[in-house]
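Take a look at the following structure, please.
Letters A, B, C and D mark the chains as written, and numbering starts fresh at 1 in each.
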Amino acid sequence: MKIGRQAHRASAISTSSADVIVVRGKDLCKELIGQVSFTDHFWLLLTGNLPTPAQRLVLDATLVAIAEHGLVPSVQAARMTYAAAPEALQGAVAAGILGCGSVILGASADAGVLLADVVTRSATVPLRDAAAAAVGELRAAKRPIPGYGHPLHKGEDPRATRLFEVATQAGLGDQHRAAARMVQELLPELTGKALVMNVSAAIPAVLLDAGFPVGALKGVPILARTASLVAHLLEEQLKPVGFVLSHAGSQAVGYDGVVPPGFTAEKS
Amino acid sequence: MKIGRQAHRASAISTSSADVIVVRGKDLCKELIGQVSFTDHFWLLLTGNLPTPAQRLVLDATLVAIAEHGLVPSVQAARMTYAAAPEALQGAVAAGILGCGSVILGASADAGVLLADVVTRSATVPLRDAAAAAVGELRAAKRPIPGYGHPLHKGEDPRATRLFEVATQAGLGDQHRAAARMVQELLPELTGKALVMNVSAAIPAVLLDAGFPVGALKGVPILARTASLVAHLLEEQLKPVGFVLSHAGSQAVGYDGVVPPGFTAEKS
Amino acid sequence: MKIGRQAHRASAISTSSADVIVVRGKDLCKELIGQVSFTDHFWLLLTGNLPTPAQRLVLDATLVAIAEHGLVPSVQAARMTYAAAPEALQGAVAAGILGCGSVILGASADAGVLLADVVTRSATVPLRDAAAAAVGELRAAKRPIPGYGHPLHKGEDPRATRLFEVATQAGLGDQHRAAARMVQELLPELTGKALVMNVSAAIPAVLLDAGFPVGALKGVPILARTASLVAHLLEEQLKPVGFVLSHAGSQAVGYDGVVPPGFTAEKS
Amino acid sequence: MKIGRQAHRASAISTSSADVIVVRGKDLCKELIGQVSFTDHFWLLLTGNLPTPAQRLVLDATLVAIAEHGLVPSVQAARMTYAAAPEALQGAVAAGILGCGSVILGASADAGVLLADVVTRSATVPLRDAAAAAVGELRAAKRPIPGYGHPLHKGEDPRATRLFEVATQAGLGDQHRAAARMVQELLPELTGKALVMNVSAAIPAVLLDAGFPVGALKGVPILARTASLVAHLLEEQLKPVGFVLSHAGSQAVGYDGVVPPGFTAEKS
């Protein structure tokens, strides 16, 4: 079945012959393996160009910042899945990645769209007005302001602060960081709540200042968490807790439906 | 429901307070963000220690080597999935990762187990005998020899050759590389086929020589391909081919079942 | 880490003792196994009550209607994934389900929200005005009208027609079917295109007329396609085409990036 | 890239024209929708034939038996995933399905292979010897005996007992049920443990006695659990517990790694 127009029929990422693998115009074996870092390669795959040192520094910093934060829901989903299906590590990683969604890790991408919108608007109006307008539209649509507030880090999110320092040291322009700060400044007035910028606003702020493509922002926490998921699944092989997690979960949630006549629940 | 003994109830990867996030004993913000590369961080997450320069070089090389090889099945699955469900980039990445299995990318892990087995056996018998015994057991169990042969690269796999060069330049020991070469040397005699080592044998050879944990080998192509999948999904947003791929697939496979009386297929 | 308020801590679906498994208040072994159909059980799991014969008839009809439509993208993703990772059938099914998204099969749920909206509005204004207003809001927000048009079935979608017949035979009320017909009638005038109702509008129309919960509509194509995916993966074991599909896909999409000096692509 | 021989290039499951959708040789709209149950359709998709009443009864019974068992790991993974990524119900279902693995629900398929093996061997030796030989081979390979024992149901698994009753009432032959009983009888002697047959042995026993294809056994719990997952995700929309589950899990698992100087964990 043919779906859509299908006018475009090419990819610009890789081609190969029996002897040469080309990635983004470069000979993989002669120009990349052993010569560029994995972070360089990720930037190259996305953009077609190797990063500058400043771009590499900022991308490394964001990937390191977001990779690991303990037994978050996606890690628990992955470890339970691996305990149940140890034949397929890829399935457990996939289960963990599926939890990188709009509520948990996807906020980075949504915050990036907001910050890019503020920067675009600020070409014609003062930054404060641009931020107020962009936030106002989200509020009017009853949508959350992505990238502000955190369940654990009630004050400053230390990862956000550190990422801004790294971007400043790298000498990047700061249009998107300024937009992120302005949104934070306006939030008490616009929403009645003093929410602090979290890592999900800081990541797009520093990456967009580095020229990272906005459409790939959602991939940054996904790639970072994949590294962490592999580490947790290695630990799960050696010191399993997957069924400890699910047992604790099942103990924490009761049953509030009806039961048949004569049924007696046991202590488990 | 309680499954298993659940004696162990701890993880050693991360903890945090309101102010500090600890990853493998280090303060994430003060000691890691902006100071280590993502590849360093992956090694740290897996092993509890930052890599040496030689270890980092080899890990980067393997991740770069295996990240991208064009429109392989897992990339096609991801791009079709994204075309059908653009609201969930994480789902399209997950669909791609699910294709990192025993036949396609999982061979790295299987080959690693083989090479580690050969090295262990070679403590007490000559390497040739160790390799012959390990391969012989796979043959007896009618299991394939993982890491040798490739549908496209019939001669030398250029990525394998390059990874060996990098490992040598890094000054690593070469026990597992020697085992990989010995298996290749013996294959014509043991199997009747002159299969050449591919990237899936070279990756574990150089990583195990660097001290990488064998239980995490399967995670290397998964992490590497995640970077590539994000790049393909960014391209899919800008220049979509997901439904081109599925249309071509459906044209290549006919229908050989029965049809109801009077049914006439149309050209599509 | 504690996320959200967590005030509610119970589920009403199932509980058990060592002797009795309770599902929605019923003794699984004494009251359900061998006595109700899987379709009955699905309705019970969702709503807490067994369906009436009319409800069962309509739910069966929708599941049968949407289960299978040949080598659609999600089936191709699943078959390629299984070819690459035959150790994990669950992973191949998951890859297929991930393609039940907003563009392909999720339209059922979106169309259900539209039809429910039209019915709600029609409590206070004539149906024509209710439908025009609901469609108008989608148009104003530049969102597609879900459930109308089909790449293959340009005229009437025969599955939609048949589902409406079944619902009429079942003696259900027809508020949502009337809403679906009214939207179709208005589309030429409101959009300039005469798009015909497809199966994704017919499914929610008949299910909502039967009292099916709107929040579970997205699960109907997912459950139905799971049955089909299992059948395709059984066929893939016996007569594999997974790599035929991916080969055809890779042949249909060229490379339009740059190449290194001297690189020559081969015929593949 | 061309992988494998690709000699076969057809599927026998479905084809269509603009007017007619053919599924397994039948006109979907005229012969199936509104006339067969979803369970009938699943059997048809798998085998090419509609089931007999006895076959339908047994397949319905197994799907009902295995669909739901409370907050099992795969349900928890799905509910956490949905809480984190509510934009993609399909992703949460997929995360749950990924936990249908060799340890948890995949035992049905492994047990089916064992029972089929026992039946095959019993063509030439007494059933007791056939069962002893098949179990002996698993023991020799240090593999578990799939389908016996349960963490909660220490005595008889009531679902297993009930499924056998249903199969007997349906009038099916009982070769595979006899094999399952014989394995149970021999286990104390062969393994030193009196493990009772659980639902994962009963499901393949009754389905294989009904003529169900052994290669599709793994799909039965997957399809059944998909129904349950959709119900849990509907409940998660209305009465969320996803983050309650993950909070409880994180409280149950401590941190046993090192911490930086001066770090103090807080009560969370």
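The working rule: a contact is a pair of C-beta atoms (placed from the backbone, for glycine too) under 8 Å apart; a residue touches a chain by one contact, two chains touch by 3 or more.
Please read all numbers here as calculations on a predicted model, not as lab measurements.
Enquirer: Taking CA centroids for every chain, report which one is farthest away from chain C.
Expert: Most remote chain from chain C, centroid-wise, comes out as B.
Enquirer: Between chain C and chain D, what's the gap in Å when you average each chain's C-alpha atoms?
Expert: Distance between chain centres, rounded to whole Å: 22 Å.
Enquirer: Once you find the CA centre of chain A and the CA centre of chain D, what distance in Å lies between them?
Expert: 34
Enquirer: So, what's the distance in Å between the C-alpha centres of chain D and chain B?
Expert: Each chain's C-alpha centroid was found; their separation is 28 Å.
Enquirer: By residue number and range, which residues of chain D touch two or more other chains?
Expert: 1-4, 9-15, 18, 20, 30, 69-73, 83, 85, 87-88, 90-91, 94-95, 98-101, 106, 152, 241, 243-244, 246-247, 250, 252-253, 255, 268
Enquirer: Which label fits the chain touch graph of this model best, line, ring, star, complete or other?
Expert: Topology of touching chains reads as complete, every chain touching all others.
Enquirer: Quick one: in the complex, what on chain C touches chain D?
Expert: Chain C reaches chain D through residues 1-4, 6, 8-16, 18-21, 23, 28-30, 32-34, 36-39, 41-42, 45-46, 57, 59-61, 63-65, 67-71, 83, 88-91, 93-95, 97-101, 106, 109, 152-155, 158-159, 161-163, 165-166, 169, 213, 215-216, 218-219, 222-224, 226-228, 230-235, 237-241, 243-244, 246-247, 250, 268.
Enquirer: With touch defined as at the start, can you tell me which chain D residues reach chain B in the complex?
Expert: Touching chain B: residues 1-4, 9-15, 17-18, 20, 22, 24-27, 30-31, 48, 69-70, 72-73, 85, 87-88, 90-91, 94, 151-152, 252-260, 263-266 of chain D.
Enquirer: Which residues of chain D touch chain A in the complex?
Expert: Against chain A, the touching part of chain D is residues 70-74, 76-77, 80-81, 83-88, 91-92, 94-95, 98-106, 152, 241-253, 255, 268.
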